[in-house]
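Both of the next two complexes hold chain A, though its partner changes from chain B to chain C.
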Partner chain A sequence: MSVARRTISTPVILALLLIALALMAVFSGSRPFNQTIIDIFLRVILVVGLYIFIGNSGVISFGHAGFTCLGGYAAAWLTIPPMMKQTLLPGLPDWLMNLQLPFWAGAIFAAVWAALWAAVFGKILMRLSGIAASIATFAMLAMINTIYSNWESVTAATSSVVGIPIVRSIWPYLIAAILAVFVAWAHSISRAGLALRAARDEPTAAAASGIDAPKERLVAFIISGAVMGMGGALFAHSIGVVTPDTFYLTLTFITLSMLVVGGMGSLSGAVLGVVILSGLIQGLRWLEAGVSIGTTTFAIPNGLQEITLGIVMILILARRPSGIMANSELNWTRSRSEDPGV
Partner chain B sequence: MQMLFDALSLGSLYALGALGIALIFGVMRLVNFAHGDVISFAIFALLWPSVDAVAVVFAGDLPWFLLIPFVLAMGAGLSVLSEIVVFRRFRRANPATMMIASFALGFVIRYFLLMLFSSRPKSISLLPALSQPVEILGARIPLLQVITIIATIAILFALTAFLKRTRFGLEMRAAAENFTMARMLGVRANRVIMGAFALSGALAAAIGLILASQTGTVDIQMGAAVMLMAFIATVIGGLGSLPGAVLAGFLLGAASVVMQTVLPIDARPFRDAFVYGAVILVLIFRPQGLIAARGSKERV
Partner chain C sequence: MKNLSKIVVSLLSATAFATPALADDDKIIVGFATAESGFMQAYDKPAQDAAMIRIKEINDAGGLLGKQIEVVNADTKTDRAEGAKAGLSVIDAGADMVVVSCDYDFGAPAALAAEGAGLPSFFLCAESIKAGIQGVGPNSFSASVLAAVQGATMAEWAYNKKNARNFYRLLDTWTEYNKGICDGFDWMLPRLEGAALVGEDTFKNEDASIAAQITRIKSLPQEPDAIMLCTMMPGAVSAIKQIRAAGINSMILNGSGVDGSYWLSAIPDLSNFYVPVQGSIYGDDPNPDVTAFNAKYKETTGGDPSSQYVYPGYVMIDVWAKAVERAGTTETSAVVAELEKMKDEPTLFGPRSFSAELHHQNSADYRIIDIEGGKPAVVDSWKISEPIPVADLMK
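Let's turn to the complex of A and B:
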């Protein structure tokens, strides 16, 4: 059996899981619940994007939220009505000023734009490995954030950019999330993905077999940058507002935590980490709201939800240091499948 | 002259922070993201829980010779506690897992503080005598800057003496260099690790003290900003290398201050982008850090 046929069950199962979530939202008919599921899909896109690079290369990146930022602002530039752009972002070049694309086209360009920058940064950064690479990606994130927080005329600095058309339907997000899962799967069984994992596990043997680790890392970096950019664009369309700090440390750590809790080396882990932690966050929020209904003045202390979340994360990691899925994938057959391509 | 002192005092903060992170990294390969929150915690320990804008002082009225040890003890205490409660369970985990666990711990500490004190910055007058300027070589320098620099130098000397001259320091250096070997030769692992956490916590508390008296406010976020720079300093100094961490801390401080004056006005808001760009350059030319710690080279 070809590698593709042997491993296709993983993305199919994950896609079915996502479709099930979407159907739940549609049948419940509740607006807030619909938004919750959209948030989950957005995080699935981002965490799968992280997985494409981190999972396959073993290098922890703190910088991917930067690509989300690039994607989110690209969507803002491309889809806000020209009238609003003139007052809000006067520094844009004329051709961009008069352009207004539908949201899906904006998302595609956002992905390309983020991938372009991933290629530029990656060309420089991918020569590094280990913790030096992690810090360099962090420095990249901080650079992007500083620039977007200060370039008044094209990003409105730290004030929020409003007027991005809001997309409330759940389907575009579902399609994008499934697309991200299949892109990740296709990359992981491709020549580039296999070579990259080989270089992650056995750098010496991989180098001796002619694998150029920096090159393979760059490929993964660009693909994951594109997925993060697409996620950023959809993120912007889900709330209608972007600020540079939306895409900074909090987002970095939330997505990274979801990936590590789920299992860094596993695509199923990436998706399950999002679903489980998001479910937990949502459950705690409901609990908070539920308790405060009784009396008018008594409110649950602000922050209990985050504290519980932190403690649960520590407990999960103490129990399962390599994450919920460790390195295995969901599969039809219960055969040993340590790695999607092996 | 003013610039030199600015650079030195900012550098001192980064250096102390980097030292705290490098100490723990040295003995247990943990990149401790909770460090910034230990900084905030130590300083909030001076206040009664309240959500008012003006801090309700609890221990802050102590005379300075009691106040400083109190804050340092709070930092060290929290740090040791975090080791016992959380990090002890992660001895065998890989660095990524430990890092996320430390982040989760920092999250817990931060929101615990938020629950008690709310997120509003509070004004506090801590050691007010220190904010008066003094005249040195024709420049008016806040006394606090001078004290910060002197205190940092004193701490560095004390720490060097401690690491080089005492038995405990020797054990700690041995553990930093080769943890397994040190254990086999009879170094008590848990004691050394707890010592490193206590020292690192006390350093964090010292940063908290300096920051609070410098700005006159306490803020839950204030630890995070220093922590990020300190973290970067630790890496470009060479992870696990203490002199490297200090050197890189001072360099980063100097780079920030120099760029603030050298850059053209239009580019000044982007100062941090240039600093981070410089960090990337350093990493590309010296991925091992400025002063590579022995035993930290990747074996390929």
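Let's turn to the complex of A and C:
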């Protein structure tokens, strides 16, 4: 049986899970719940984007929120009506100023734009490995953020960029999330993905077998950059506003912690980390807002959500240091799974 | 797979909480999509308390169009993505009008959600021109006064009443609000005959030291009459302290953002320091109704207003309720049309105007607070001689 046929069940199960979530949102008929599920899909895209690089290369990247920033602003440049761009972003070149694309085309270009910069940065950074690479990616994030927070005429500096068409339908986000999952899966079973994992686990043996680790890392970096860029563009369309600080440390740490809790070496872990933590956050928020049981309303104090989330994350990592899924994947047969059962 | 089914079951049960409420015809609903936690709560809560006071007054007097006003809340958690959700929540709960966070950046996602649903929205106290038609859409308003008006007011007042001729402009580039104050100052200065800008400089709110900027002020041939300081908390305190510590005694002009006495103990004996406010929180407002409101606020919330940013919340409900009363309905286009007809509409905190091109105040009747020896007090009132044109505000 080919690798693809042996492993296809993982992305299919994950896609079904995402479809189930989308259907729940549609049947609930509640707009905030719909928006919550859109948020979950956006995080799935971002965390899967992180997984493509971190999971396969073993190098923790703190810089991927930077690609989200590139994608979010690219979507803004491409989809805001030209009239608004003239007052808000007067420094854009004429051809870009007069361009207005539909959101999906904008998202595709945003992904290409982020991938382009991932290639430029990656060409240099991917020669590093381990902690040195992590620190360098963090420096890249700081650079992108500083440029976007100060380039007044092109990014409106720290001011909000408004006028981005808002997309409240859940389907584009579902399609993008499923696309991200399949891209991650296709990369991980490709020659490049397998070579990169070999270099992650046994660098010396991999090098001796002719694997060029920096090159394989670069491939993963570019693909994950593209996925993050697409996520950033869709994020911009989900709320209609972008600012540079949206794509900085908070986003970096929330997406990284979702990946770590889910299991860094597992695509299923990336998706489940998002779904479980987001479900928990949402549940606690409902409790904060108050839930009526009979005639009394039960509510937990504001702020308890963040504390509980922290405690749960510590517990998960104490019990399962390599995340909920560790290195295993969801599978029909559970063949490769060493699942000790939760 | 065992895990998977557990997750799906728990998520399905969670949706049970999310059933939407239906709009009710015998009451009017105001939805607050504001911050109940996070740093914006410090700005949103006081203004929201003031709004609640006005709502209670209206309800006690028989309601609006004979219906009681009800309030629904959703917490934005000082987060933009949560803000969009909070906006959608109050819309689903049947809101006829959506109130959003004080700051444009944090209020915009909820305001855009309201705009998308065809509902009117009000920023509690945003002072950027974007908080309205320009940055949200035709049904969005702000309850406060543009930052530019504050800068223009201080420049014109200091010129006329304090004989200031040589101005120095010191801008903290951190926020849109700060830039707005200085933009208003820049607009006013050429209109004042004989007034000159003797120098300008910028700093960042987080800068620990502004020694370089101070050196440039000190090296001027003569001390400027007035320094237009466009900044806000928390960096403002440190900047003011350093200016005074360096022996610069020029009058310092500010925006409303530094109103409040909570920080004055950090700079004892601060003098020659002027702030424009919509109403005085110090109990000495020339309008006795403002002082009466302060007492009412204290009675309701247990504390005095902390700054003038309490007042816009009250004004907001006031003007909106009047528009609903005149329109005879809460239907968006009718209410917006009535709001746009308001020209110098009297409110407790000065007249308010809206037009089809500006849903914000480009002129306002300001009280001037003077801080002498660390004690703030009202010394004057000032209204700029002409409103700032919308075209100049959009630059």
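To be clear about the criterion, the second predicted complex is superposed on the first by the 324 of 342 C-alpha atoms of A that agree within 3 Å, B and C clash if a C-alpha of one lies under 4 Å from a C-alpha of the other, contacts with A are read in each partner's own complex, and residues count from 1 in each chain.
Definition applied: a contact is a pair of C-beta atoms (placed from the backbone, for glycine too) under 8 Å apart; a residue touches a chain by one contact, two chains touch by 3 or more.
Keep in mind that what you see is a predicted model, and the values were worked out from it rather than measured.
Once the two complexes are overlaid on the shared chain, A:Leu330 sits against chain C while remaining clear of chain B. After overlaying the two complexes on the shared chain, residue contacts for A:Ile60 are found with chain B alone; chain C is out of touch. Contacts of A:Gly283 after superposition: chain C is touched, whereas chain B is not reached. In the superposition on chain A, A:Ser322 contacts chain B only, with no contact to chain C. When the two complexes are overlaid on their common chain A, residue A:Gln86 makes contact with neither chain B nor chain C. When the two structures are aligned on the shared chain, A:Ser209 is found in touch with neither chain B nor chain C. Contact with neither chain B nor chain C is seen for A:Ser169 once the two complexes are overlaid on the shared chain.
Residues 302-303 of chain A contact both chain B in one complex and chain C in the other. Residues 13, 17, 20-21, 24, 27-36, 39, 87, 158-160, 162, 166, 168, 235, 238-241, 243, 246, 272, 275-276, 279, 282-283, 285-286, 288-289, 291, 302-303, 324, 330, 334, 341-342 of chain A are the ones touching chain C in the complex. Chain contact summary for the complex, chain C toward chain A: residues 1-4, 7-8, 10-12, 14-15, 17-20, 36-37, 74-75, 80-81, 83-86, 88-89, 91-92, 104-105, 108-109, 112-113, 116, 130, 135-136, 174-176, 394.
Chain B contributes residues 31, 86, 89-90, 92-97, 99-101, 103-105, 107-108, 110-112, 114-115, 118, 224, 228, 231-232, 235-236, 239, 269-273, 276-277, 279-280, 283-284, 287-289, 298, 300 to its touches with chain A in the complex. By the touch criterion given at the top, residues 60, 124-125, 127-132, 135-136, 138-140, 142-143, 146-147, 150, 203-204, 207, 249, 253, 256-257, 260-261, 264, 301-304, 306-307, 309-311, 313-314, 317-318, 321-323 of chain A touch chain B in their complex.
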